Amino acid sequence: MSTQIPNQTDESSETEPDAEAGSKGDERRAEKRRRAAEERERRQAEEAERAAADEETVELKVFRYDPEVEGKQDPRFDTFHVPFTKGMTVLDALMYSRDNYDSSLTFRHSCRQAVCGSDAMFVNGGQKLACKTQIVDLDQPIRVEPLPHAEVTKDLVVDMEHFYEQMEAVEPYFQTTEYPEGELEEQRQTRENREKVKMSTRCIWCAACMSSCNIAAGDNEYLGPAAINKAYRFAMDEREGEDIKQKRLEIIEQEHGVWRCQTQFSCTEVCPKDIPLTEHIQELKREAVKNNLKFW
Amino acid sequence: MSQSYNRGLIEDFSRWREFEAGMWAWIFHKFTGWVLIGYLFTHIAVLSTGIPAAGASEAALMAGEDVYTQTIVSLEGLLLVRILEVGLLAVAVFHMLNGTRLLLVDLGVGLEAQDKSFYASLILTGAITVASVPTFIAGAF
Amino acid sequence: MYEHDVIVVGAGGAGLRAAIAAQEAGADVAMVTKLHPVRSHTGAAEGGINAALRDADSWEDHAYDTMKGSDYLGDAPAVEALCRESPEEVIRLEHWGMPFSREEDGRVSQRPFGGLSFPRTTYAGAETGHQMLHTMYEQVVKRGITVYDEWHVMDLAVTGEDDPADRTCHGVVAYDIQSGEINGFRAENGVILATGGMGQVFDHTTNAVANTGDGVAMAYRAGVPMEDMEFIQFHPTTLPSTGVLISEGVRGEGGILYNREGERFMFEHGYANNDGELASRDVVSRAELTEVNAGRGIEDEYVHLDMRHLGEERILDRLENILHLAEDFEGADGLTEPMPVKPGQHYAMGGIETNEHGETAIGGLYAAGECACASVHGANRLGGNALPELIVFGKRAGRHAAGEDMGEAEITTGKEGDWEPADYEFDVEVGETGGQGPAAADGGAVATDPDGVLSAAVEQAQDRVEALLEREGRNHATVRSQVQQTMTANVNVFRETGGLEETLGDLHEAREAYKDVAVSDPSRTFNTDLIHTMETRNILDIAEALTMGALARREFRGAHWRKERQERDDENWLKHTLVSWNDGEPELWYKPTILEGENKTYEPKDRSY
Amino acid sequence: MAERYSSFTSGGRMWLLQRVTAAFLLVVLAFHFFLLHFVHHADEVSFLASSARMEQLSYYSLMILFLVTATFHGVNGVYNALVNQGLTGTKRTVIKWTLVAASVVLLFQGIRTANAWAGGFPLL
């Protein structure tokens, strides 16, 4: 489906040579764009050949969009054929495609080991960390798209601002009114308590959960599973003390806090760090109800 | 995110094939809930024929010739209504079973088995519905 | 233009700590980082943080272990600062809520680590770095410190005096990845570089893709000396396809290394007859490569690490996270098959030369974290010593930059005090070919007034980006992989004159090739092609300095092995190698190691455990 | 956001009520189905039979309670569903009061019907 669009681009840029071409730079860039389109076609032909040549390849259909570049302003899917190697992940395949076929293919990635949370994307209809997703576990062709329900910046990159705002709206930092005496004295915490918050502290801010939650999609103000989990991480930490816990419960109890959650479980399903998000949200709901019953 | 860029094919519900148990449960629960509240309104409307019927004569009532009895009997006589009733039963049973599942989830019970309990609600709903068909259809023909 | 008192470049462990410290000291701080803070590679650290917290332990013992581990190339004032302040910094993290693993009595847990005389590695499960990074970012959120995330810093704005020691840094120039805007960040008091590792100089590394040593290269081009660049730690067990680290724990529990013939080569080929798989990192790494080079590797690339004989129960109990790593990143099931492993670049001991306050040779420019070299790790870093370095030196640099009086530093920077010119002649031309770029290296600007310097630097950056976007040329990826391959071939765990010289030649060619790279993606929006192209330039500069150091140092010390002399040479080499860049040309020189501590002098001893 | 930080926001209370009514409905709806489809068959319904049941105070009050809880549960459920999908502002207020009005009509009509069967409020 993708191969049609570059043709159109070529035509349009040839027949009406840059209506608004201002500086020389612009012209040259337009020229460059045109060549890039040609280049792409040539490359795709090459790839198809390669695929036909019976090597073991992986077929990737990747979402492409760039608000500035002709031919990419209308989203499309590009197909890449990548030689398969054992242990290959979706991220590896994307990197290969970028380095060998199309250097403008854009996606966030850094650690390659599921700790930086940069590369959550929509792979074959599910939110996945590309670096943690083995190609062999997927049906081909593999469809790679940016996270749903977030604004697409370019290709597989989405705007994370909203997610960060929600994460930071829950006062995501340790607070307590009392510290042990002595500069070098740590606060005590039982093993059980550390165990209780352990899973919740593993969040890598990948936003896969937020993207999978249908409620978060509909209600922009909903804190979302990751932020609620962050609140949980502190609310359940015994080192913070009762006063602060009251405050925490008030935060998560806001109108767009825990009550929005409809236990869809999608968040729990997609979390690459296996955080039992729904369970944490539900526990907070119960805590909040208990807390309110005290006042009634 | 409401201003999110429209990505056509990618939007939620066209992805139903990829939905996991929890999501299906949510959709079904929602659907059945709406059907039930919709039915509650119709139900009361139909039952309201009991108000004029209350003014009917003793004899008419005994003979079942009042508006209420007439309405119900004629409705029940329609095969379509019978079939709809079976549907309603299925809807109600599912809503009840899954509602129970949700109540348990709210209590923090069995979250790990949430997918299994959803499948169990589905199967049970099917079984109960099928088992009730004879009772519901009885006398319709 | 953005203006703040202190600008911190990079938001990993070191950058976050520096920002918090500077803010606490009253400065208006901003962080400029090419990744959102929580994406920094500090999050990948697993093992732990060394700190002498217990009564039975002492910071002096920690310092002793560190000096010994460094093969006596650490500078005692820095090492002692690290060990003295690490406990309070670790407790501070605890007070900030960091979820450390706990003992029965509720105190933080510590475990033993290689090279330590006391189990003082404080940890949070197998995710210490992740917890530390997030805890500190939380504090940054709490304090409302400004973070410019996804801004790639391109260069420093440094005045143009002839002598680097006279120059002053007034800020940085950065490129907003999201929008393509190029802007200046003016720092009233100081710029702190905390850009982390440089693993991407090699083609196989445990470091992140973003670890391209940008800060190191920027400082280098501005005239700051690079110290001990040849010391690179290679980890023997990393997954071949991604470089993901398989921790020493597997070998600790009894995991065995096999070659293609199924031989337990650590013993059968006599690499370490006593310790076998548990020999130190460099020994195992060299053994693995020797096997592969002798044709006994699997697919000519890696060896096998087998833990199946430990039994499912034990594996699940103690090494569960390893199973997941192998499964997720290599597609290998550790329960039923051996895991492929090979050595990979892991940590750079060297970097931007600083004193124990994080100051560099250029006024107003600081460095902390993995990009800096104070030096605490010398020739070899002990496991668990990098994370404390981040918090101790991050804090020190932050405070100093904010104007706090921290006394006179004992370590000198630049060509102050004792130094000697190098005795080494390179066969190949090093440095910039064709001599482009103005006086103060190619990053700086000629002007001397702060605003002038900054606007000149911004203009230069704009021209550079414009040129890259407009011209036609080759893609940087080929240049980058050329560099990575030659580095891995010759500047890896085995180093000998011929190979090193060959690499220097290859790097010269790569420099030539880099002159006509261009970016084919014309977009201003999130142009990662452009960012990577700029990073490749940094990789090139670093690779060269690194290779020069490796050529010059004709001895075997710590992580640096030379075929020509396979033993430590304290007579001639108890000194740091420094490479500084002036007018496009690198210069090599030496500086003695400081072994005199506060109360004692660390006498070099054999590094045997 | 600070103005929303009150532990008396109705969110929690409504949430709880939805669960409590659900638990109640679970029992009563099952009973209702069982009684009117299995014990008595639907096609055998007659005014008199209904009336006979309604004249008992216990049955009458159970049915009224059934009606009230079902109405609350159903209408609140619908309202929540809409809010979750991002219903805000004036629209939300309008819908809210429309739903309340509909509930009142439903309750009124339901009680009227029940009273018709019971021949007024059942005393016995």
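Per-chain numbering from 1; labels A, B, C and D assigned in written order.
Note that in this section contacts are C-beta pairs under 8 Å (C-beta built on N, C-alpha and C of every residue); 3 or more make two chains touch, one makes a residue touch a chain.
Please read all numbers here as calculations on a predicted model, not as lab measurements.
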item: Distance-maximising chain from chain D - centres being C-alpha averages; value: C
item: Chain nearest the overall Cα centroid; value: A
item: Chain A-chain B separation of Cα centroids, rounded to whole Å; value: 38
item: Chain B and chain D: spacing of chain centres that average the CA atoms, whole Å; value: 15
item: For chain B paired with chain C, centre-to-centre distance based on mean C-alpha positions, whole Å; value: 64
item: Averaged-CA centre spacing for the pair chain D and chain A, given as whole angstrom; value: 42
item: Residues of chain D whose C-beta touches two or more other chains; value: 86
item: Junction residues of chain C - those touching two or more other chains; value: none
item: Residue list for chain B, restricted to those that touch at least two other chains; value: 2, 102, 106
item: Which chain pairs touch, all of them; value: A-B, A-C, A-D, B-D
item: Interfacial residue positions of chain A with respect to chain C in the complex; value: 25, 28-29, 32-33, 35-36, 39, 66-69, 85-89, 92, 99, 103-104, 106-118, 131-132, 134, 136, 153-155, 157, 160, 164, 168, 171-174, 179, 183-191, 194, 197-198, 201-202, 204-205, 234, 237, 239-240
item: Partner chain D, residues of chain A touching it in the complex; value: 169, 215, 218-220, 246, 249-251, 253-255, 257, 259-260, 262, 285, 288-289, 291-292, 295
item: Sites on chain D touched by chain B in the complex; value: 19, 22-23, 25-26, 29-30, 33, 37-38, 41-43, 45-48, 50-51, 67, 70-71, 74-75, 77-78, 81, 86, 102, 106, 109-110, 112-113, 116-117, 119
item: Complex contacts: residues of chain A adjacent to chain B; value: 63, 65, 75, 122, 124-126, 145-146, 148-152, 162, 214, 216-218, 220, 262-266, 268-269, 276, 278-279, 282-283, 285-286
item: Contact set on chain B toward chain D in their complex; value: 2, 30, 33-34, 36-37, 40-41, 44-45, 47-48, 50-51, 53-54, 56, 61-62, 64, 66, 68-69, 72-73, 76-77, 85, 89, 92, 96, 99-100, 102-103, 106, 132, 135-136, 138-140
